[in-house]
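Structure incoming, see below.
Labels run A, B, C, D and E following the written order; every chain starts at residue 1.
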Amino acid sequence: MILVVLALVIWLAMWALNTRLSTGPNADTRAIRLIVPAIFGLTILVVWELLVRGLDVPLVILPAPTHVISTFFSEIPTLWLDFQQTFIKGALSGYVIGCGAAFLMAILVDRYDFLKRGLLPVGNFVAALPIVGTAPILVMWFGFDWQSKAAVVVVMVFFPMLVNTVAGLQETTAMQRDLMRTYGAGYWPSLTKLRLPAAMPFIFNGLKISTTLALIGAIVAEFFGSPTMGMGFRISTSVGQLALDMVWAEIVVAALAGSAFYGVVAMAEKTVTFWHPSQRK
Amino acid sequence: DGHANSVKLQLQWVTQAQFAGYYVAKDKGFYEEEGLDVTVLAGGPDIAPPQVLAGGGADVMLNWMPSALAAREKGLPVVNIAQPFKTSGLMLTCWKDTGIKSPQDFKGKTIGVWFFGNEYPFLSWMSQEGIPTDGGPDGVTVLKQGFNVDPLLQRQADCISTMTYNEFGQVLDAGVSEDELVTFKYEDQGVATLEDGIYALEDNLKDPAFKDKMVRFVRASMKGWKYAEENPDEAAEIVLENDESGAQTEAHQKRMMGEIAKLTAGSNGALDEADFNRTVATLLAGGSDPVISKEPVGAWTSEITDEALK
Amino acid sequence: MAPNATSPVIAAKSLDLTFQTADAPVHALKDVSLDISQGDFVSFIGPSGCGKTTFLRCIAGLETPTGGTLTVNGMTADEARRARAYGYVFQAAGLYPWRTIAGNIKLPLEIMGYSKADQNDRVARVLELVELSDFGAKFPWQLSGGMQQRASIARALAFDADILLMDEPFGALDEIVRDHLNEQLLALWARTNKTIAFVTHSIPEAVYLSTKIVVMSPRPGRITDVIESPLPKERPLDIRDSPEFIEIAHRVREGLRAGHADD
Amino acid sequence: MAPNATSPVIAAKSLDLTFQTADAPVHALKDVSLDISQGDFVSFIGPSGCGKTTFLRCIAGLETPTGGTLTVNGMTADEARRARAYGYVFQAAGLYPWRTIAGNIKLPLEIMGYSKADQNDRVARVLELVELSDFGAKFPWQLSGGMQQRASIARALAFDADILLMDEPFGALDEIVRDHLNEQLLALWARTNKTIAFVTHSIPEAVYLSTKIVVMSPRPGRITDVIESPLPKERPLDIRDSPEFIEIAHRVREGLRAGHADD
Amino acid sequence: MRNAGPILTVVAAIFALWYLAVPFMNVKETLTGLERAGAVVTPDNPIERRDASSFGLVLKNSFAIPATYAQDRPRLPAPHQVASDLWDTTVEKKITSKRSLVYHGWITLSATLLGFAIGTGAGILLAVGIVHSRAMDMSVMPWAIASQTIPILAIAPMIIVVLNSIGVQGLVPKAIISAYLSFFPVVVGMVKGLRAPDAMQLDLLKTYNASQSQGFWKLRLPASMPYLFASLKIGVAAALVGAIVAELPAGGARGLGGRMLTGSYYGQMVQIWSALVLAAVLAASLVLLIGLAQRLTLKRMGLT
């Protein structure tokens, strides 16, 4: 009980601290921008730890963070193996193929209005197919290894990427397009010199959304059949063994990998679309 | 209080004739005769019954012993209080034309295995055969098989795990004849582990009222099982009525009931210590990463069945 | 293909243009006839919506008239556009934000296939012309509005078109910067003898710059007055305080007010 | 709390304002002193970035000066804002697009807690004042730019503030519409005897409207000239062709050009 | 409906491709079946056939093509197989029957709607908090993003068990998982929307000395409406996926998720496809409905 009360107290104290920091004089410095969310995350971990201990939550329901962290470090070789299988082979290859195909398709769709009016609504419908149903089908078609995971990822990222890229290619203003016409510029010059650069912020929006989708897709697909490694494989079998610490260690890997992937794409966005108002300053 | 007579039972799979005894006992009023109000909770591939038990979502669960013993080692003290299944229905089913005749022929082949705690008997078996399970020409390539038989039908795997009462039938239903197949029952290989036992939490069993409730529960359940064995078609009908997914077919459930009856036939509900010891031996022998590392203590009790079968 | 001095560079005869919109059709140009000769500086002035932009866009081949004839350099407007007969300056600078100032000016040169060396030469030359030599490597948002507008003029000057179409190029600028750019534009025009068609809202600007002021009125858009300016080609800024100037400005304002009467 | 006629309504003494930005601090106002009396119409003119808007925002209590003193109706600017001492008209109309014209005008009345009946009365009155009575139920986008701007003026007039702060309210309009609104604004001012502070880029506009023209120059923003207008209160539009008018305009232009010299 | 032509063409093209693909996808199992029934197929060895290309097999055994469209356990069911199953399970069955897809669709839909309501409510509240409290903005937002990298399928069972243990069962746990997926798009959209008013619109209120709550009701909320609807469309589709995911560990195999699961479990591909199609139809209808509400609302607000 003491631990529970302590958890509450810590929560309130940290919240007060964060409120002070974020409204204080240095609120806009880089350090504070990093520290505030860090404190928040740390608070959650501490409160979680105290509650698990205080309320005697069984390990098989929810392990304490310290437990998860120690498992994380002792199981690094396994986690690394799973990470390679799921992230590098499954998610990344699916991401590249899916986003690449969507990009090319977007250029076609943008060029032919007929496709835009016909394909996008149908695509919208197809995108609504839940992964839980498509994953078993794709595992059946593409086998147990990473290829089927990549296929699931392709299906998941294709449409968000397509929609964003198409929207981006139409993002130019009438004036920008007219300028091209005054130069008598044909399709390709206006694509490469105007519409693609102008579409970049949207394309990156699609790429960013797709990062988390790719990882989740690859993991979930492994629930429906896999070789004997991979993050989704480990999660589902560890649940069966009630090794919840391992489950959470994999979730930590997923969260870290997902956030890092997102961060890398966001950084690339910053360099490529440095000119966009949202990136300046 | 109201809880004194209410029991929640967590199954380890969706509603099917594998659990006919419990549905029959409920439907025929055997539980009611014992003054019990029983709720049967269906399971599925994402449900770990021990977790449900630990969370208090159920009072008793059905489980395969490897998974239950693993839970015990993880600090969740579950105890087997009855064992309605005498024999194991687990087997590997292989295409004959792959040339597999004996376990030694598995080398270089691809085999589908159920994980989720069910991989240990297989690993134990392979280590007894001296076959590595990490692929290569001299080992087997293991797949985590989903819960259907397509990997075999589509030849993504040379062998897959099946239950005599369910998946094996599905293979046959798909038009495959038995002489195209080679099967290896775990029972015959000496690596069978106990399936579908009834488990409760150790702490709860210290409470006499709970114990009494379990006694009545087991007694009524066994009555249900024996009734199901004798009236397999009626039992299958009862199961169908209780199926919420609407996906089961009558033919399938009737055949399953017939096969299930063979597995429960030898049991009056009491656990045979020899079976328990064989299960433990199999699991302790299992490969480099054994599911249990030491002889379990107190993992089963005869107190309930002794009382129930008096 | 330079047209000889006597035949007009731009010749519109009974031009008509109706936009088909969702509700009612909009009659944007009605019976517009106008000749513009080599070396003319023609300003178009008129209330909002009178069709100034539409007329300029017709000349540029960006809009297709629904009636009448229009020739530019003796060709149809669309042929002239493909032949890159003119440079067009929009109301806003419209620089591409992902290109530097130099990159923006290079854009038409790349598209028209100038050689690399020639591109750099021309960029340097026009940057100097608009007094932005130090800013070639900057991005548009790093420049003030007036500087951006000068860059967009440079962009239209970088290639060899001897018609310049300008749609309210100085609309967004403050009066002083505007005066300054007006002076520079006049100097450039005097030097190059280009033909300039210029849309503006400002009466003093129109009077100060033009050899010919076209007053338009809306609904439907038509020409109500064409005023030939008696001002000399050499025009210091304070010519605007001279009686002739005020006289012309007055006439323009009267013409405008007449067109506005129905508001 | 109406100040007596002799003490100024707005009094700024050595006002200073420096913005702290990521790189260098921006000195937006330096040593600005100015008195505005009841019933004055004061125009602020100056090149872009000279601090006109900043000064107006200081008066409105939207910006806090970093030095000097400023009183509005004898209070600090912030107190005056809380006392709802003024109406503010922004450069763009800034109507809320989800409210009808009447709804937009009602907005300040709702916030200030006027009764329902009073709200409707006032809306009807100011709509009539700006000649928009028929358009109360329309949404902003259904009106032309000029009409929107009039609606935003009506919004600032709907409640009882006798100071009106206007930041380039007619910047986006064409010259004819602008002339028309200028006339109306003058009439309104004559009728109500409000105190008006008015920012503009246009020299003729400043001269035409004001009793007092404040010329500013940038980097750092300061007042370089204050010109009292000798024009009568009654001003027909063609007063702009009169020699006095041209004379003042000339003086303003000179003041501006001096401030621009460093560009 | 000027899009009808292109849509129909695309749909027709998809069906054509689909029909074209069926023989290639199903040829191996079909040949095995025919061989068992006594037909002569080339090659006559199933292992050789496994390693052969489907293309060659179809060419060499063209007589088997009709049979590929009528498989019981097809790798790719033909469209008419799916259509007739859909017809059987929606129109031909009483909607209270457990074999009716309408019954299962309703189970999923009810969890979806409840979850969507919870998720939208929570999302809006969180967004309001983020917009009004800097501390919340800085600390919560990065973690809200991180929360979306957690595979929901992995923690869904835990959520169900934990809720179970505090006595929450039935519809609510499913709705909560569905809410977990739908709240994020709403938060992101609403934060953007509540911050949509520009400096001038905010300053205007300041000149009226308006209070924070007046600012919220009269400016921020109306300004956020277009953003709200855009995110509701994404949110409702996510809620449906969440409800389906939650049905896997919820037990009982009820609902469309349950249908997909048991379909996969018993190798009834057609059943999976029907459930999939119905799920997509549901999602599309929900999105359409929100689009309708959007048009009505924005029209009344004069925003279209």
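One rule holds in what follows: contacts are C-beta pairs under 8 Å (C-beta built on N, C-alpha and C of every residue); 3 or more make two chains touch, one makes a residue touch a chain.
These numbers come from a predicted model, not from an experiment.
Path length between subunit B and subunit E in the touching-chain graph (shortest route): 1.
Closest to the middle of the protein, by Cα centroid, lies chain A.
With respect to subunit C, maximal separation of chain centres occurs for B (centres as means of Cα atoms).
Counting contacting C-beta pairs between every two chains, the top pair is A-E. Chain geometry summary: the mean Cα position of subunit C and that of subunit E are 54 Å apart.
Note: centroid distance subunit A to subunit B, computed from Cα atoms, is 38 Å. Chain centres here are Cα means. That of subunit A falls 50 Å from that of subunit D.
For the pair subunit B and subunit D, the distance between C-alpha centroids works out to 84 Å. Subunit E has residues 75, 153, 157-158, 161-162, 165, 248, 261, 264 in contact with two or more other chains. Residues of subunit A in contact with at least two other chains: 61, 136, 140, 223-224, 236, 239. Chain pairs that touch one another are A-B, A-C, A-E, B-E, C-D, D-E. Remark: subunit D residues 47-48, 144-145, 174-177, 201-203, 241, 246, 250, 256-257, 260, 263 touch subunit C in the complex. Per the touch definition, subunit A reaches subunit B in the complex via residues 58-61, 136, 139-140, 143-144, 222-228, 233, 236-237, 239-243. Of all residues in subunit C, only 57, 60-62, 81-84, 86-88, 90, 92, 94, 96-99, 107-108, 110-112, 139, 141 touch subunit A in the complex they form. Those residues of subunit A that touch subunit C in the shared complex are 173, 175-176, 178-185, 189, 193-194, 197-198, 200, 273, 275-277, 280. Subunit E makes touch with subunit A in their complex at residues 2-3, 5-11, 14, 25, 75-76, 133-135, 137-143, 145-146, 148-155, 157-158, 161-162, 165, 237, 240-241, 244-245, 248, 256-257, 260-261, 264, 269, 272-273, 275-276, 279-280, 283-284, 287.
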